[in-house]
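Two complexes follow with chain A in common, the first pairing it with chain B and the second with chain C.
And then the complex of A and B:
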């Protein structure tokens, strides 16, 4: 029974964090058609923001506005100088953003060196819940992520900006004809997307390792989720995260980690082959 | 130009070049001795590149100040060993045949070592620096790092006794170093009457260890032997502590260096033990002098010293000691005198035995993000891998 509860909590935790990581990438790809290869680097920037805030002795909460500020600046620069010239050229954006990813990684390496950094947990220790001992910070994180997704979903469905974005995605020409500034809206969407990545970095920093190359890991797992979940819907993203996180957790628990990782790869291949649009397709 | 003339003149040119090279080759005796130093400058192990580079340069300056090797000043040429083995081997070949390196030092993984041994084919001396799984015996290769027989056996025995550990869980990345280390550890566990309650090998891509941690908890292990590498070790140890396992379960590793411990963080480092032939804060006169001159030379912000980077110093020192004893750099001469070569280094006095070193092993306990030496196991023998 204890093992089952631990498993369920681990499953919820890994699905929630995966969904948080992939959120920004899914927004940018699903809405703008830009495959942002530097997505993981924005997660990394968020984690380093948390590290800087802590080494300055500030309250951890400051990491959130600082990381968003950093991501807005870098994201805006990136959109303004590179991305906006490459909309509707998916392969070119892929190469260009990969270049930016290298630049960001090397920039961080030049400033902070390649050494591992450690970010302390906001709430260290464990809580006894449902008869098992579980890290407190993880539970808080799960709650924050659920709250975030509910808010975002409501905003996208109800707000005017959400409506404009949906209009732009469905028919860019018509949207601009009725007076929607699609160019500005694209910039905003891109910046919001990378800022979510930065936020994910801050929230995860106390639990993971922090070094200049962590972005690559996050990019890879994000791909798997997008392949399984499909593009352009929050539902697909959540299902993709649950399928990828869940199959890895389940197979790893029953067999071992190698089998777990293998199951993720096999699932991705099967989806690319049989359902290239994912479980939840817009089309 | 007629074809015959062309061939003739080409031949003359080739002959002239060859003659020139022979002359140049003879002139090189007494001139600068180029030593190829293969260290990771890129890739995952690139983390250790900067410190390894600094330490190698320091060793070269110290050797040169003392008159060089065989009376020749040495010059270091760095090659990137952070590449895939085949590419690293190409780099080494270029340094050897192209740049004229007459000896090699290597601080890299075992896969690259295998590739380099195939390139060198016992024709050029090669000192392999880091700790490794043991078992090698190629001619012309000298190992200055400790093997599991030296680092795991004494420290695990002592720690298990001290902390009263009976149940052991072995976790590592999936390649030969963790598997070979654990094969030796399992014998030790049997010898001390312990029980192996779990053994797991992780692919390098894994950074979520939740399922393993659940298994460790479930198994009731009281000591975990960690042979995870670098980032994987950091992620594992952080998650391990966050689940509240750190209070009652000992963690022992033979590749938890100063950098890894920084990544694990003070919050998660309770009951982490590390066994190695060098730690940056060993309290011996040699080690202290070494650390002081390192920070005097490269500043207090310089890349952290650890067992891996410092092993480059031992590598160059060993090359010097063996070459001087042999009176030359040929593999045959060096192999014949290597046994019993003794030299001092930052980590203590070492004596070569079976082309490996008999050396002191330190067991350190993490205190925050620093190591504190809790026990020294002096003069640990490397074992004999050269059974013909």
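And then the complex of A and C:
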């Protein structure tokens, strides 16, 4: 029973973190049609911001504004120099963002070296919950992510900017004709998307090994989630995260990490084959 | 063609002479970069020619290296060397082909799915290479790999590598000149159109990917004896990314470019990597620049430079159409029947119990206001749109669930609403592909004979549209009217029994419209085919057809001669407004 509760909590925790990471990618891919191959690198930048903040002896909480600042600057630069010119050329965006991903990876590697960095636990304690003891940081993480999702969802549905974004996605030409600055809106959407990745990086940093190449794993698992869940709905995104996060955790526990990874990859190919539009699709 | 042959022979001669001109260490290093260049050639085949980007190509290179390494560890006979080579080619080719089939069958175009799945596979390969110690030796790698029998790995092995490179270059250059290569480029230009010309495009792409896997495997097979050790890095994503960068910087549209890229960046990196910390960052910047500003890479720059001096190394000699292919026999029962076909998406009814039958060959027009479901009806007929209820029958057979690329085989030809041609291919190449529909089999796919095929219909069409004779012109430079005419010619060249023309006169001038109408009615008289023409221009309808179908809101509203349609009250209401 205790093992089951631990597993369920671990499952919720890993799905929630995955959902947070995939959220930004889904925003950028779903709303702007840009497959940002550097998405994982923004998670990595967030994690390195946390590392830098700790090495400077600052309070961990500073990592959040700093990571967002870093992602806003890098994301804005990227949108301004590259993405903006390629909005109707999806294949070239794929290539160019892949180039940016390598650039960021190699840049971080040149500055911080290839070595693993560790970020100290901010909240090393545990909490007794449902008869088991569970790391408190993870529980707080789950709560933060749920809160974030609810806020974003409400903002997207209720706010004027959310409405403008929805209008732009449905019909960019008409949206700009009625006075919506679609190019600025695209920039904002892109920056918000990558900032979410950076935030996820900060929150995850104390729990993972921080190194220049962690971004790839996050890019691929986000992508698998998009295949399984389909684009365009929040439900799909959450279910996709649960399916991918859950099977990875389950198979990895029973066999090993490679088997978990293999199962997730096969699952994605299966979904691509049987339900090319994902579980929840707009069509 | 002569130019490229001379250039390639010269390059080969230089490569052979290099060990005699420089020191043996230089040749040894060069050998490694040439192997990477070979993998890059495979990437160029997929990316430059086929338009889909494999991001995990090191996987196949690494599999080849592990296979040949394992075999060369144990024994040193030529028999085992040859078996190592064969396995190192076949196994990666098989894996690549299988992955290609699985992914391409569900995803049309260049989308991110294929690239990301190949990247994921390469990551998986890296993990397996680290964890399956009993096969790969794990993190420390496969060691103690012997050289080829009697061949010095630091000396004469280089010549074998140059030989393998010469073979892969020759095979690829030949392949791209065959119908297979031309079809692969057609897929890159417009996959949907290629499907309506009867090509199973996912098979073509998977075959190209398998070939690229085979070449990567062959290069890997030489990597093992060359280096004497195979570590997990060889299958990994870092090498995969570097291979893509080298191919891009060298030039992905040809097969020399990737080698230039690998050799150039390889030597620069070996000199600069250790002394300049930001070397890799610089390479990534160059890659981004190539993607944004000069997609042809170094070889593209050289080609355009040569063109300034009027040296065109890319021009192909065009063979004459000496072999006239006879006309095929018509179907016996050219009957088309829509039987209560309904399509609903969400709450919107796209087709609503659509029923009609066409039994007589000749020209039939389908008219109706925008959104009436005319194009959707054609989509349902050609496998582009799945219907919820009802069925469509063509010459007695149900068309439920048919894939678009199968429609030409049962005698259906379709011109899409937007003129769909292969812009970066020449007019001649566009027409070639259209003539091959239903006539090309596996044997022809890899021979250059089909380029000499012509038909009597083509001669007729060239009389109607003289620009079809301009063989060297790229189809993308044609005017809108000419594109419509080329698209029309491509649709009818397969000599289908059911010809679906979606607004063939859209965007044509008055003069061009007359020419198009003349060509259609001439063909209708001589071919005994059934035409369904979607048209808005009543003048065109009047001249072409006396059997008109009117659609409105997914239903058939009326059918009859144009006189009858004009007199029909319901049709007047739909077109002119008013109430019943």
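One rule holds in what follows: the second predicted complex is superposed on the first by the 270 of 283 C-alpha atoms of A that agree within 3 Å, B and C clash if a C-alpha of one lies under 4 Å from a C-alpha of the other, contacts with A are read in each partner's own complex, and residues count from 1 in each chain.
Just so we're on the same page, a residue touches a chain if its C-beta (ideal position, glycine included) is under 8 Å from a C-beta of that chain, and two chains touch if they have at least 3 such contacts.
Since this is a predicted model, take the numbers as computed values, not measurements.
For the composite obtained by overlaying on chain A, chain B and chain C cannot both be accommodated without a clash.
Of the two partner chains placed by superposition, only chain B is touched by A:137; chain C is not.
In the superposition on chain A, A:10 makes contact with chain B only, not with chain C. Of the two partner chains placed around the shared chain by superposition, chain B is the only one that A:248 touches, whereas chain C remains out of contact.
Of the two partner chains, neither chain B nor chain C is touched by A:150. In the overlay built on the shared chain, the residue A:258 is in contact with chain B and with chain C. Looking at the shared chain after the overlay, A:129 reaches neither chain B nor chain C. In the superposition on chain A, contact is made by A:208 with chain B only, not with chain C.
Of the two partner chains, chain B is the only one that A:121 touches; chain C does not reach it.
Counting contacts by the rule stated earlier, residues 217, 220, 256-258, 261 of chain A appear in both its interface with chain B and its interface with chain C.
Of all residues in chain B, only 44, 46-47, 50, 174, 200-203, 205-212, 214-215, 217-218, 231, 234-235, 238-239, 242-244, 259-260, 262-268, 303-304, 369 touch chain A in the complex they form. Chain contact summary for the complex, chain C toward chain A: residues 51, 53, 55, 102-103, 105-107, 110-113, 115-117, 119-121, 123-124, 127-128, 131, 237, 241, 244-245, 248, 277-278, 280-281, 283-285, 287-288, 291-292, 345. Residues 35, 37, 82, 85-86, 90-92, 94-96, 98-100, 102-103, 106-107, 109-110, 216-217, 219-220, 223-224, 227, 256-258, 261-262, 265, 268-269, 272-273, 276, 283 of chain A touch chain C in their complex. For chain A in complex with chain B, the touching residues are 3, 6-7, 10, 13-14, 113-121, 124-126, 133-135, 137-138, 207-211, 213-214, 217, 220, 248-249, 252-253, 256-258, 260-261.
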